[in-house]
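In the two complexes below, chain A is the common chain; its partner is chain B in one and chain C in the other.
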Partner chain A sequence: MGSIFLPHLRSGWHVDQAILSEDDRLVVIRFGREEESQCMIIDEILYSISEKIKNFAVIYLCNIDRVPDFNQMYELEMGDRQLEPFTIMFFHRNKHMMCDFGTGNNNKLNFMIRDKQELIDIIETIYRGAKKGKGLVVSPRDYSSIRKFRS
Partner chain B sequence: MERKAFLDQEPPPGYVAGIGRGATGFTSSADSTVFSTKQDYEDDEDDDNEDKQDFSTTDKSILSKAIGKNGEDEEADRIYDEIEKRLSSRKTSTLPLIGIQPDSQLSSTQEKFTDLKRSLANVTGEEWSSLPEAGDLTRRNKRSRLLEQSRQRTYAVPDSALIGAGSISSLAKTNFQSISDSRDKLLESQLDNLLPQKSDVSTIDLESLNSTNYANVKNVSKVRAILSSLRKTEPNKATSWIASARLEEEATNYTLAKDLIVEGCKIVPRDPDIWIESIRLHQKSSDDARLCKIIAAEGLQFNRKSERLWIISEELENIADITSRKRVIKKALESLPSNPNLWKRLIELEDNKEDVVKLLEKAVEFCPNNWDFWETWINILSYKEAKVTLNKARKQLSGDFQVWLAASKLEERENENIETSKLIKMMERAFKDNASVTENSLGTSDWLKQANVSESEGFPGTCNAIIINILKTEDLHEDNLQSWLNEAEVANSETHVLTAKFIYEYIIDKFPTNIDVWLKLFSSLKKGPSSKLDELFTYYQKSISLNSSVEILYLMFAKDKWILGNDIDGAKDILNSAAKILDHNENICLALVKLESKASNYASASKLLKQFVTSYPNSSARMWYKYIHLLRFLNYRSSGGKTDSVLQQVEQALIIFPDSSKLHLQKTQIYLNEDHNLSLARDSASLGTKSCPHCVELWILLSSIYEQMGVLIRARSILDNAILQNPDSDRLWKAKIELEIRNKDTIVARQLTNKALKAFPASPILWIQYLSLIPKMSQRKTAFLDALKSTSNHPSILMSIGVFFWIDEKYSKAKSWFERSLLEGKNNGDSWAWLYNFTSKYGNENDKRKLEDSFLESFDDINAGEMWNSINKDFKNYDKEPKEILQLVSDRLSKF
Partner chain C sequence: MEDYEQDLLNDFGSDDENESNDEIEIEPSNQEQEELPQDTDVQPTTDLTFEQKLDDIIRNHTLHNSYQTILNQSNIEELSDLTKFSKILPLIPDIKAKITEYSFEKEEDEDYWELINSLQNDNDNNEPQSNEYKFILMINELSTIINQEISTFYALIKLQYKVVFPELESLIINPIDYTKIICIIKQDLTNIKQYEAELKKFITNEKVLIIIMAALQQVKSQFELNNQDLDKILSCCLLVLELDDLLHQLSTFISQKLSKIAPNITAIIGSITTSQLLIATGSLKQLALTQACNLPSIGVRDLSSQTKTKSKNIRQTGYLYHSELVKYLPEDIQRSVMRIVSGKIILAARIDLSRSNPNGEFGDKYRQEIDQKIEKLLEPPQNQPDKALPLPTEQKSKKRGGKRFRKMKERFQMSELRKAQNKMEFGKQEESIVDGYGEEIGLGMSRRSNGSDGGRVGAIKVNTNTNAKMSKAMTVRLQQSNKLPGIQKSHSIFDEDFDSIILSNPANKTSPASNGTTTTSSNNGSTSSTSTWFGGITNHKDDDSSNGLKRKRTD
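After this line comes the complex of A and B, so read on.
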């Protein structure tokens, strides 16, 4: 359901425009394949919180098969190897926001979060850090115990 | 949830993702293969390709060996090959996708490197050493900072070291410039030696080297080598020997020089130059005269026709020993009989007149075309013989004007009272002869020069004759009259007074009624020696008899008679006779009056004026004015204080000339000064302003009368009214400003000055007001510049600057400014007075006297200066001498 209602970015240009178009809000982009189950779940959660966070964040979806432009740049896919089920990335005023989840990769969120409030908290933390001009924030919870996605 | 507009737009074609926002990627973990930027990505791919290639080649070989190829494999290989070919032809950026690099490229790069590797064998040791060092980058900033510090650090050098260095430098002072110069010369001459056909050039170079650059050629040895080679290649050229000898001489190696020149004499005996050089060298090295004589004799054996060598050998003889000198010259004449120089020397040496005559005869025989001999011969001979000789000369030198010139001079010398016509005839012949000779014929300017020469030689008759002939041939008429007048002026300025006089005379002969020419003649005569006053007066009489109706001639005559001739009675006579001829002429009457008053005959002067005024009352207001002026003076002298008669005269004059501002002025002044009747003066002045609204003086006078009466407002309004009527008078403005200054209202005065200066930016009197209103000297200085610029160095501004300097107690500056002002214009009486004031205060007696003398010289021209005019024109000072007036003016100025 969520992948239908949330706005899709059809090309690299649309991705760039989406990142550039916001002045005050955090831009959350989900890279991934909607047909995969993990991705479907996160889409559902994202859709469900999108109305709640609309004042400080906006959520876009991007299919990495249709838009492969950022696969190299953001390490979304390594050749035929699927690294992660989905990748959520945060941008604020064209700045890539990093978040220390304790997983070792601060660049993106690539693990499943089933609690909606938890996700809202993460997004809000990143938003507050971004407003203070920080490039890296520490997530409210430590996710180092979460299994790393490896192929 | 709103939907952004870009989501429905199409991306631009060829858009590269991420570039639009300058996105950069990241490397997250070590185990994931490194991806950062596109560039990195390609490099990585290359590495991968190589691995794959290696693998594929080995794989291939293994396959080919072990299994062999079936048809399917071959077809697949072929397809792959085609694909590879196609890909290799495409851009390299696409290659990584395929992951295979063609063999050819790899091998070619290898070949490249093998070439370079081989060429390494050819690199020499020098090239290796000259390879630039890879700089040491470690702690570079710190090291550079240390270096900088060490550079800024200085150390005191002990005095001993300095002294040592100084002495060394003074000892071994090398002139690098000269060394390089001489090296260039050396190279040049060497190059020239390589080209034998250009030997002339080389000798010229050598000559220049020898003559000019001896002092510069420091390394003698090198030049010596060149010259020796030159001597070997061209032994028959005298210049090379002379050059070598000179070089040795310059190096103060006299023995060697002499040896060289003697050798040269042996090898090139036919060249007189080398002999002369030899004699010179021997003379210089203080050898006795005998040796030189022997060398000269030897040289003369080979060069009998060399005039210079003969003359040198003559000079070698003892100067007192005339006989031997004569002997040498006679010998020389044996071989060179027609050389005028030798003849001249011989004649100069001869004392006995008869012998001289004989020698001249001979000389004329051998050098018939040399006029000098003829001339001296004729000058020596008696009159009759000279005539005969002149005839001979004329036959010999046909067409030489100088014969005729000499003849005319001869005639003039022999009989002083010869008629000019005879001389003129002779000069005519001379002109004809000159005209017949096409080459070297004299132009007019040359003839004028001849005239000047004959004037300075003391033959005025010949000079006259020449000039008359010139003007005759030139066909004088109105058009070229001016050029001839200029010619005469030039002659006059070159102190050829007679030439100028003759030119004027001729022109006057032709145009007896041209007054300009007469005036010029008089001025040129006045410039000449003072003893010619009689001549001047006769010319005056002549001019007056020719032009009896020109008054200026009378006036000038009378003036010159009076001043130069000191003959007042004569001048009076002249003027009286002029007055008879030129009936009721004002100027002559005035001149008479002036003469009378200068002789202190005021009564007769006033009588004269009265007579004139009564007989011709309508002639002009000026006469009336002069008359009244004189009357006022007489009245003042008699101190009667009765002004009625004068006033009567003024009234009479005003009836005839109601518009004469001067008469009005006179009347007002009489009321004001003699009668001290302010109201009457005011009435008269206001009447005057009504009848002469453009007379500025009247307006100013009227305003000052009101001021004296104490009605300031009226005075001011009168000035305003006057300015309205005479908008282009700066004096009215000045009067207005001065009124305010007297009224102690400096601010208004300053405002008025600024206003006035705007209207009259080039008016010196306004500028002076402006300068005097500036309170500080330092501010004034800049204003000086402006004033000078806008009035273009007006003398009165210069003078006022001097005054300001004086006030500022800068005496030398003040004096120089006064002098400058006088230089700029001698007619400013105030400047004279200021300078007089200054010198009488600070200068010595001598300066004062000098100043007075120069003042008297230019007294007649002085007509400017406010104070000067007011005092000079005052009727009370009618009988004052110029010096007294100067004294009065300077006294008045110093008060102010």
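After this line comes the complex of A and C, so read on.
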């Protein structure tokens, strides 16, 4: 239940400010619905690493029912709910960071990662890329088979 | 009543496990003998002195148990007065008298200390012990007997009172409180509310409430005892209370005494444990000499596997373990607390032995320290937050090129010769050698030749980087050692210009025909060589000419 301590973004304006205000840290925003179990799990994992990565990344949570402003732009509600329980997106200095997970969608992280260290590694890799001015980085692990494992 | 007897027997089995581990089997004949005086009365021993009587009780105690004696009665329900089975009861007035006597006596003389000391000094105990000291020793034994008697009579009361108020024994576990309640309420459960104020004097309000509620529920199914039976119970109750009172008196007496003898130890661990330790070790001096690590082992009931110990972690369940300070602590810190406490006790014992601190301030100080340490041990471990990871900034590696780094790399590179060996020449048979293990090693192009004669190694540049090198410091050291006078001579002969000595012998020059062919050829070389060689020769020519000549002859 530690995830309630993570900052929640209550409106589109808050989301914008969160992305804009951060100067040299990566902004990680989880879009999703807290009432769904998969989302709860990832929230807990995010909370557990939030203290560790606070030097180079900051994590925000955003409920897509309460803040529907980005659903269209980021295609948050397009997919099947079962297949996409949440969406984690990365921003650096108001720039959307892409990451090649091998899943075909480089825009967002929308699958469950249960290993904390893996998630830290992904965030760190994106941060390194962002620092070098890159817009797309390659994930340290390939997640092309993640759907197979899950179902 | 038969089933009560059965109950009694069952109870006996379970009780005895807890209280006396040393249940000794008695041969039937012996038992008969012992029982006779017990059965009739304790009176025959009245003509004996008080000490002897106490002695008797203590000795008999090891042989039997009053519980057993009572159980052996065939007509248990017909007996009117159970209190006569108490072995202590007839002695109570005597003991009390002794206590008052000794506790007042204390004021006038300090020599108790001296007496104890004198006892310590001779180990063979030939000197008569002071009565008081003996009495203290006995009291210690006695207290266990009294405790046992209390539990015996408590069990009897429980069995008899069960019919009136069975729930009471589970509500009130303390035997003394239980008997006190019985004394107050008797079997008047219907009007129990009247006694509320009285009960509240010695038990908590909640407990009183629970008792009253349970009693009111019990009223319907209550069994009324006749007066005779009730009297029997009450007499037992009075006996238990009296025994308890005696026990209190004894402990206050002992603690009074001990605060004189060992004020600091008493301040740390309390009078009961202090007395146990003192008696177990024999004296204060012995206690002071005991090592702290051995203290927890003192008073361990038995080391055999028979008894169940409370915890698996702690084997040393001695007096210290059962002391008030340690007993109620959680199991996982008990051991470390015992270690702390035993260290302080030994220190306090030494202070007490030197009698430098008769008021026990040091003991109080130690006790505070111990309490602080226990507090600390009881604290839950601090919850440390996750440490943030460092910023993943990319630094360029500090190692770059440079003369030294390049040289270092060259030293570990594969040499040209080795590279050549690994190559094969096309269309020619490779030369090979056989090494010491019989393995054939191909030489590849390392013998790359100009012609068919096998070629020369020299065609390929040999890697000079791997040559042995001398450090600057080493060369300096060598030069310094050369300057030493003692080494000078031998060094000049054998080391430097050995060959040149031979070659440049003036005698050799004068008679070249007398020498072998080998020397002539080398002579030619030497003559044709540069003048630097001659510089060496001239240095040693004079003093070594005869020496060089001899060598030539042997050739």
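Quick note on the criterion: the second predicted complex is superposed on the first by the 140 of 151 C-alpha atoms of A that agree within 3 Å, B and C clash if a C-alpha of one lies under 4 Å from a C-alpha of the other, contacts with A are read in each partner's own complex, and residues count from 1 in each chain.
Convention: contacts are C-beta pairs under 8 Å (C-beta built on N, C-alpha and C of every residue); 3 or more make two chains touch, one makes a residue touch a chain.
Keep in mind it's a predicted model, so treat the numbers as computed, not measured.
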item: Which superposed partner A:Val138 touches (first chain B, second chain C, both, neither); value: neither
item: Partner chain in contact with A:Ile41 - chain B first, chain C second, else both or neither; value: neither
item: Touch count on chain A, higher of chain B and chain C; value: B
item: Partner chain(s) touched by A:Phe56 [first = chain B, second = chain C, both, neither]; value: second
item: First, second, both or neither for A:Arg128, with chain B first and chain C second; value: second
item: Touching partner for A:Met112 - first (chain B), second (chain C), both, neither; value: neither
item: First (chain B), second (chain C), both or neither touched by A:Ile146; value: neither
item: Partner chain(s) touched by A:Ile120 [first = chain B, second = chain C, both, neither]; value: second
item: Doubly contacted residues of chain A, that is, touched by chain B and again by chain C; value: 51, 54
item: Footprint of chain A on chain B - complex, ascending; value: 1, 3-4, 6-7, 9, 11-12, 15-18, 20-26, 28-29, 32-33, 35, 38, 41
item: Touch list for chain A against partner chain B, complex; value: 7, 9-21, 50-51, 54, 67, 69-70, 72-75, 78, 83, 94, 96, 104-105, 107
item: Contact set on chain A toward chain C in their complex; value: 48, 51-56, 120, 124, 127-128, 131-132
item: In the complex with chain A, residue positions of chain C that touch it; value: 385-394
